[in-house]
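You will see two complexes here that share chain A, one where it goes with chain B and one where it goes with chain C.
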Partner chain A sequence: MNPPPGLGIVKGLVETARNFVGSFHDPARLTTVQYPDERLPAKENARNFPFLVYDGPDSEKGLRCVACKICEKECPPQCIYIILERDANGKPQKHPRVFDLDISVCMSCQICVEVCPFDAIKMDTDYELSRSDRFGGLLLTKAELAKPNDYYRRIHPTEAQEVDARLEEERARAQAKAKPPAAAAKPAAPAQPAPA
Partner chain B sequence: MNAELSERELISALATGDVAPEGLAAALAFASPEAPAERGAGSAPVLAPPPRGNSDLLEVAMGPHHPSTHGVFRMDVTLDGERVVRLKPVFGYLHRNHEKIAEQTSYLGSMPYTDRLDYFCSLTNNWAYALAVERLAGLAVPERAEYIRVITAELTRLLNHSCLIGFLTHDMGTMGTPLMYAFREREKILDLFEALTGSRMMCNYMRFGGCRAELPPGWLEQTRSLVDEFPRFLDEFENLLSTNEILLARTQGVGVLTRELAVNAGVTGPMTRASGVNYDIRKVDNYGIYGRFPFRVPLGEHGDVYDRYMVRALEMRESIGILHQALRDIPAGPVIDPKAKLRGFRPKPGEAYGRIEAPKGELGFYLISDGSPNPYRYRVRPPSLINLTILEDMCLGHTVADVVVILGAVDIVLGEVDR
Partner chain C sequence: MSQPLEQLLVRLKDWLVLQCPPAAQGLVAALIPAAAIVAVFASLFALTTLLERKGLGRLQNRLGPNRVGPFGVLQPLADGLKMLIKEDIVPRDADRLVHLLAPVAMVVPVLLAYAVLPFGQRLVAVNFDAGILFFFAAGATTELAVFMAGWSSRNKYSLLGAMRAIAQMISYEVPLILSAMTAVMAAGSLSLVDIVGSQAGYHWGWLPRWHAFTPWGFAGLLLFTIAATAESNRTPFDIPEGESEIIAGHLVEYSGFKYALFFLGEYLGMFAVSGLGITLFLGGWHAPVPALEWVPSVAWFFAKLFGFIFLFIWLRGTLPRLRTDQLMNFAWKFMVPMVLVNLMVTAVWHFTRSWHFSGAGLWRWLVGALLLAGPYLWLGRALAGGRRFGPRSYHYAS
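Let's look at the complex of A and B:
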């Protein structure tokens, strides 16, 4: 049995009309968000480009990064460039002198975050990154990348809580290890200076 | 008539148990005004390619910037009036050296690049690659991670098929209405992906031996409500399209791919199932935990564009069924094998091939390890590329406007074709 000709089109038009009318009162039918004026709520797991976390007030001293270059090595598109800080005698300082990240190359895969043993690099959620200079402007230096731990706590609350707890535990363990030989022992190596 | 009979025998031999003959036949019967046998045979007279230098013929390069080619892809068509007498697909514009780059980077480092193969379905790409590496290294995947993989893969199938149907109708000139409805639904799934993986399209979520992160709180409930809502959209979509006379006129009998050619050319996925070949790797390989979910494999009868549309529409309903079961049964537990390591991953020398039923067809990764941190050989078997190879056979004798529709129904993503 064949349906009367044109019935299929009429059925389709009924759907279109339902969507059209629905777009005036049903939020499920009109999903457009007027972007610069309205914004979708940020997703906690969202990721964009990496940034460096620092503890305490000083973005230079508090930097968690120890310039171990693991992220530089593991980064699939090779967008990270690190130079280790050395003092006057050429002794390595566990601190990056240069930490550059080219976000025109970065593909936001967060492998650097996963491999970092010091929780020093994390993913940012800022997506409004237009620059007037497409070469220099997209090459972020250490100063631009460094962001306080409070910022990390704000954008990824759950994750930051875990990281804080883990770091606190490591610090306590390092202190306990350093105590028995009393003051003569060298300060615990892997832990960073405690944040305020 | 004898040939007809043997064809039928072949169908019955191929269709073993898990086919939905009644469902599909009903779906196709109400849609096709003429008898099924006429539809398959009547339309496309296969012409022998004419010799070059024939001045009556017009050579047209469709693409690489033609809006209908779904990316940077060119078809050099030779036309006799409106009819296509020769068609040469030219691809490679989007070649990014994926396989050679993967041979220079660590196993983990290739995972984000697999997202960019078929950028519509990054989670199934992740799964295929993870599966190949897991076979290579002999890693086990925890139960919960297997469920997460099934859930994300079936969500990917939903969004891919709904968008493909949208694109296909767009190619027929619907000015975007069904496409926008499909995109509206896709957006909901992408929101789920963003909440889970951090990224909408470039998910980079699977790891060797599991998944990268635990599900965020409330994610399963959101997914459940989406899966409950989705059939409503499918009904709406099918009301809009399945019986639309214009769509029937544009798709039925167009671009017929015979069963023999589909099998011989290695075509996989909904393309081959629309030609009546019962070949679904979820059933054939039972990879992951697909053996636990009863689902049916919709098959077409005619192998034309309409069947390719219908098979995808029905497959989405089966995916909904799988999702319901998986969301119900998902156990608690770890999402990644605790022994799996991220850095310093060096599988023993050997080779492995991991394949899955991606939304577009069989997606396989072939890896050879020589014991070093990066694969000695890395090869992708992309479904889009192999499904594209028979484009000329489907297009000969059709008009230029039909070529657009036929290409649209192949479901290609040039990121995967060119790699």
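Let's look at the complex of A and C:
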């Protein structure tokens, strides 16, 4: 037997009336965060656009990026533009002279992070990116992209710990290999591509 | 009834008229109520937009607007300013004259309808003998305005919205007027002032003689409210505007102040039809209890009006929009038969007035309620089409 017609409407009205009254005295019902005044705590797994990690105090010298251009080639919307640094003799330096990333094109797919063998590029969580210039303002240059490793540790603590541990291990292995010069003919295992 | 506050507004008007030269007195006496109605109800519109947005927010566990002024109370000001300074865009192929006239044709007739509403004791702009007829005649003109807007915009969405609006408004005009007829039958007059007068006094000294406390009046109030919701294009009957289907219907090509005028017209229509519902079934400006009769009658009218406004906001925050076929089925298979039954029950109520045995009042009530409940249940079930609604069952996922 169906309930009498119109009962569903009354039930719905009771439900919304409960919302109405509840929202005045029950803070659990009012989930609104008034954004510019209040903020939610940052989420560790959030990501939006990539940035470049540097070690040490100098954002130029400490850049992990070696301008191998793997990310530039893999990037599906092709938003990365890299020019390799060369010295006066035209010898390539392991350093980018230009590293531009157009975040108006970037689709936040994280493929650049996954393919980078040097853990040099990571995803940022900064979401306050409004700019007055929609072309130049959204084309981030190397200086804007470079952020210290401490920043990476702060926004993605768990992930940063893994990366730090892996880099430390690789450095130790490289040192161990360099000390005994002719211990064995066995070549050192190449650095594992970081699976992010 | 010689309270100082009661007739303050009427006395003020009389005094103002006397200050004018005798030749102009007639004109001034006509202009003062008109100006008062326009000013009061336009500000009520501004207030209602805020109340609606705050109320809807609370109904959905949100805060609602709270940035402009303390608790967002200046929001209507900001909205109005925005509407005023917005660019007024007219489509190239639009019928410019009709496009311009449509918002005006929306607002003016609705304002005319206020002329016959009694807002308080002796507080009515014009006391027509056929006031309710005038009200419906003026109110029905908004249909023309909506179609003017839809046609002149030369836009498919506009035209579709206007067609829907016409179909809906004409369908619901029938139950609206027929449900109002019950009060006319009971009062024996088409004058709204007389209809309010017929609801004066109290049963047994405490229960007001409002029509809403009779079986036909209660059913009539519900049917009238439903039809009024449809007539003023409000959720759940807002398919002419259906944002998710036809963007905004006849409003698609309107912007700036013309758009604001449409909204003003819609809200004024809602207030007017609520005021009519109050007048017909809820005792108009009469106080609900004898002890509170010292409160001015205008205050009671507006208290009831705010009750109606909140009801409309509450319904909007609760019910989803109907489909066109559901709307039409509801109008012709439920509303119209129920309204006809209600007319019959009113007649029964009228002819059982002469019952004078003990408990006659209760018996009249019972007979009326039963005569209404039977068709209600039957028609409601029939409208559901014999389908059973319950928890959904799945073949594999259980």
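Keep this in mind: the second predicted complex is superposed on the first by the 176 of 196 C-alpha atoms of A that agree within 3 Å, B and C clash if a C-alpha of one lies under 4 Å from a C-alpha of the other, contacts with A are read in each partner's own complex, and residues count from 1 in each chain.
Basically, a residue touches a chain if its C-beta (ideal position, glycine included) is under 8 Å from a C-beta of that chain, and two chains touch if they have at least 3 such contacts.
All of these numbers come straight from a predicted model, not from anything done at the bench.
Q: With the two complexes overlaid on their shared chain, look at chain A and say whether chain B and chain C clash or fit.
A: Clash: chain B and chain C overlap once superposed on chain A.
Q: Please work out whether A:G90 is in contact with chain B alone, chain C alone, both, or neither, and reply first, second, both or neither.
A: Neither partner.
Q: After the superposition on A, what does A:P41 contact: first (chain B), second (chain C), both or neither?
A: It touches nothing on chain B or chain C.
Q: In the overlay, answer first, second, both or neither for which of chain B and chain C A:N19 touches.
A: both
Q: With the two structures laid over each other on chain A, which partner does A:T31 touch: chain B (first), chain C (second), both, or neither?
A: both
Q: Tell me which partner A:P4 touches in the superposition: chain B (first), chain C (second), both or neither.
A: In the superposition, A:P4 touches chain C alone.
Q: Once the two complexes are aligned on chain A, which partner has more residues of chain A within touching range, chain B or chain C?
A: So, of the two partners, B touches more residues of chain A.
Q: Contacts for A:V115 in the overlay, against chain B (first) and chain C (second): which applies, first, second, both or neither?
A: first
Q: Is A:G136 touching anything from chain B or chain C once the two structures are fitted on A? First, second, both or neither.
A: neither
Q: Given the superposition on chain A, at which of 42-50, 114-122 or 384-392 does chain C overlap chain B?
A: Among 42-50, 114-122 or 384-392, only one stretch of chain C overlaps chain B, namely 384-392.
Q: Where on chain A do the contacts from chain B and from chain C line up?
A: 2, 5-6, 8-9, 12, 15-16, 19, 31
Q: Which bits of chain C are touching chain A when the two form their complex?
A: 55, 58-63, 66, 314-315, 317-319, 376-377, 379-381, 383-384, 388-389
Q: Given the complex with chain C, which residues does chain A contribute to the contact?
A: 2, 4-6, 8-9, 12-13, 15-17, 19-20, 22-24, 29-32, 34
Q: Considering the complex alone, what residue numbers of chain B touch chain A?
A: By the definition above, chain B touches chain A via 30, 33, 105-106, 108-113, 177, 181, 184, 187, 191, 194-199, 202, 204, 212-213, 216, 236, 239-248, 342-343.
Q: If you look only at chain A, which of its residues touch chain B in the complex?
A: Touching chain B: residues 2-3, 5-9, 11-12, 14-16, 18-19, 31, 43-47, 70, 74-76, 107-111, 114-115, 123, 158 of chain A.
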